[in-house]
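The same subunit A turns up in both complexes below, where it pairs with subunit B and then with subunit C.
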Partner chain A sequence: MRGLCLLSAVFILMLAFILPQSAQAQSIEVTPPANITDWVFNPSLPQPQTQTGTCVINVTNATDNWTLTAQDLNATTSGYMTEWDGSSYVTGGAKLHNAMNISATSEVMLPNVAGTNIATGTGNTSVSVTFKQEIGYNDVVLSGTHVYRIVVTFTGSITA
Partner chain B sequence: MVKAKLFKVASPLLALALVLLLLPMVAAPQIVSAATDTGNTTVTGNPAAAIDITITGSISDWAFTIGSNSNTTGVDLNVKSNDAWKVEVKDALDNSKPSGTEGKMAEYNTTNTTYEGGKVLQTAMSVNTTSGGTAQSLSGTNAQIVSGATNTTDSGSNYDINLTQSINYGDARLTTTGHVYRIVITFTGTCPV
Partner chain C sequence: MVKLSRYLIAFSLVICLLLLAAPVSADPGLKVTGAKCTASVAPGQTITHRMTVGIGESDPAMDIFVDVKGFGQSLDGAYQELEVQDDTSPYSVREFITLDKRAFHLDPGESQEVTATISIPEDVGSGGGYALIYIHSKPTGEGSVGYVTAVDVPIALTISGTELIKTGEITDISVSPDKPIAVSTTFHNSGNYHYRAKNEVKLKDEAGNILATAATSPTSSSIIPPYSYQFKVSLSPEQELSPGKIYYIVSRVTLEDDTLLDTEEESFWVPLPGIDEASIVKVTVENEAPPLIDAVDKADSEVSFNGTGNVSGVVVIAKYKEEPSVPTISFSAPEDKGGTGKEAVKFIEVYVTGFTAGTANIKLHYTDAEISGFVEDSLTLSYWDGNIWQAADNISLDSATNVISGDIPVSALGGTAMGMGGTKIPAMKWSLIIEIACGAVAVILILLVYFLLIRRRRR
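Coming up: the complex of A and B.
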């Protein structure tokens, strides 16, 4: 019986020392594509017009599976590039007539409230991301320092 | 004696309980829920000013009569613009139309596809749209026939072009086979204005 007690103590000590070194905490780091400034749209060119960027996914373990989503979380824009005066969205301002689409291995239309994935993968990866914006002659040219603006939020999640 | 026996029985159970009690404490740091991270990309842009005009139709074998002759169905204009715009017309003397005939229909050989013979109608053609606007007498210089203060729809704005040609007795009737009076009107769209 004394031996059983001793064995139990040894087992506990083994768990205490071995487990923390054999399993690391899972974490993911998302570096979104660089900002796109002064995108010059042209309704005369083939639509949609596109810009590309790279989203970098870094995970702790090479075997970690992950998903990537793109969303517009701002209720004011809600997927549509909206008139911006340099510091805030213009109340009642212009919006482009078509919502922005974000494409990687699959494509979503913003705002993508449901959080549909644009890519999935395993381990560290760079994901090529395409921003797609359709422009028409009904999309008015903004004057002065006003521009159309949207913020795209990229979320990476480690899956089981 | 009873106490010792109880200890003997309870000892393994205590040890097992201790293991079960400590195990979550040791293992807890390894139980990590699915991690997430977010990053934002800001996109800004503005359309470049753009205009696209489409001219459809032409007029052939227009049988003039003495007086004012008008055609509002032969030529149509579609304008697409994302800013304030205007459309102008002029006679650019296309196809080597003789200098000095700007705005006026000139004798043309349809067989040779050249201007020849030298006859020219006395009055310049005038152009406007059926939507209104001042009728502009064609010349070698651009003259505005229609404009818009803001952008059009995506499918554009449609206009019927009204061409008016005044004919009088001084305008000689062409009798040479294949000869007609001819003019090419150049439409130019500008945006912004």
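Coming up: the complex of A and C.
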């Protein structure tokens, strides 16, 4: 009898957990891949050179559809990794000759101003993201602490 | 009994724990609650939409910015944040939305509530009202690749008491006849309200037989007016398509409940071997006298028709990269062997379907470089009639404009090549060259002897 009471209590707890989930406002949580701090480029390596990461999308409801885009919205870089002195882009600094590509379930070339999706899905998902950068012998080798840098905007949205 | 109860309790606890663990646990990023607003609102009414913006305990402190943007949409359904100058949609409610805060700082584990006040004017119009609330961080991360984390909150309002029009039209069908056959249908939401739609595509042959079908799921995001969406499907017919034949794509776009929005038919031609695919020009004629087809830019040709009457069908004009392989007799074979007895300059294909009578006048343009080494007056136009290379009727040559033209019965244009050829300027014979060389040497020797004799006399 005591067991049945406990069982009922457990189910009440379950209901108490589930009901607010379905009643609460829809939410989305976007976690970008881990930072790529030191990407070493070498034109003698197979091209394009790649780095991978995981973008996590969490949504409230398992049935929520979402979209994920990757863009470079900075007019200075506009899709091209650009010389960075550690605090800002170098005025008149070097730029790689090829724009960066980013792929998940589909591939886009930055800046991707049109905002084409790199992934769409339903419910909580970990999206594997690959950054692809072609390097050539005509790209300038940077000296000192200067690096090539780009800022990628990952935008998630629950669809209307 | 007590034991059973304990098992049941343990089982229930496990289920509870699993349910609690259901959301994917990961390093927390930018979290927005109230991430969609799909309210119904009357003209003149004001509503509010609350959003909670937060970051996780383990995240670095972050500066957050919130903006109201125009609601744009790309062909794959992705949302585009439009600036004021680009937000020209008649259904935009961007300018009717105000935010109680546009920038704030979040320390780890903190969240802030942002309220959007949406004041709909009386004269808002009918249908839907759209905008995006764009929430984004400052760039984070040092080194090679940094990030901005962002969330678009779609505002998709229904203007209550107004007519909601769900209409649309197919504006383009493009076909890639490779294997599998890739079909893209571009569909425009011409109504005043958003909806999800789906696409069904059928492949038919000239006789109307259905060779393959494919269908998409409903779009994962609604198509917002006045934007377009591009459906993509692949078709894999059981049998290979025949080169040189016309096939038809029937594309049908419906709402989720199968209500028809639009259907369109598009034909495509499967290139014959050796065809330069960049040169293909296809014209569809619907119950009319076929117009002059100017394919000079792509296929060096102009085609006009006589005596066809009003017809429905398709005309394809294309250029060959080399002598076509379909004819069993070489173009340059002697006339009594079914050839033309001429050297080929170039070949084109004119394919016609749906026409039963009349003639086609073909004007083939050529360049001086193409006929270099040919006797221009000898140029001729011939077509492969299935058995022999047949000279076109009424051939005329305009050497001033570099055009040769001729008439070919429409009945012969069911997948046959035609070629322009001519006679080569005869090459100089070696014996003649040797004779001229010997003569020149003899003259030089005579002159040399003559000058030597003159010099001796002077001494």
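One rule holds in what follows: the second predicted complex is superposed on the first by the 137 of 160 C-alpha atoms of A that agree within 3 Å, B and C clash if a C-alpha of one lies under 4 Å from a C-alpha of the other, contacts with A are read in each partner's own complex, and residues count from 1 in each chain.
Just so it is clear, contacts are C-beta pairs under 8 Å (C-beta built on N, C-alpha and C of every residue); 3 or more make two chains touch, one makes a residue touch a chain.
Treat the numbers as computed from the prediction; the structure is a model and nothing was measured.
The superposition on subunit A brings subunit B into a clash with subunit C. Contacts of A:Ser44 after superposition: subunit B is touched, whereas subunit C is not reached.
By the touch criterion stated above, A:Ala25 is placed in contact with subunit B and with subunit C alike.
By the touch criterion defined above, A:Ser126 reaches subunit C but does not reach subunit B. After overlaying the two complexes on the shared chain, residue contacts for A:His97 are found with subunit B alone; subunit C is out of touch. In the superposition on chain A, A:Thr116 contacts subunit C only, with no contact to subunit B. When the two complexes are overlaid on their common chain A, residue A:Val141 makes contact with subunit B while staying clear of subunit C. The clashing stretch of subunit B relative to subunit C, chosen from 21-29, 39-47 or 129-137, is 39-47 in the chain A superposition.
Looking at subunit A, you'll find residues 4, 11, 25-33, 35-39, 51, 81, 131, 147-160 touch subunit B in one structure and subunit C in the other. Listed in rising order, the residues of subunit C touching subunit A in the complex are 1-2, 4-6, 8-9, 12-13, 15-16, 19-20, 22-24, 26-36, 38, 50, 52, 72, 74, 76-81, 134, 136, 139-154, 156, 194, 220-222, 224.
Within the complex formed with subunit A, the residues of subunit B that make contact are 8, 11-12, 15-16, 18-19, 22-23, 26-27, 29-30, 32, 34-50, 52, 80-83, 150-154, 156, 192. Across the complex, subunit C is touched by residues 2-4, 6-7, 10-11, 13-14, 17-18, 24-33, 35-39, 51, 56, 58-60, 62, 65, 67, 69, 73, 81, 86, 106, 114-117, 120, 122, 124-126, 131, 147-160 of subunit A. Of all residues in subunit A, those touching subunit B in their complex are 1, 4-5, 8, 11-12, 15-16, 19-20, 23, 25-44, 51, 53, 55, 81, 84, 97, 100, 131, 133, 135-142, 146-160.
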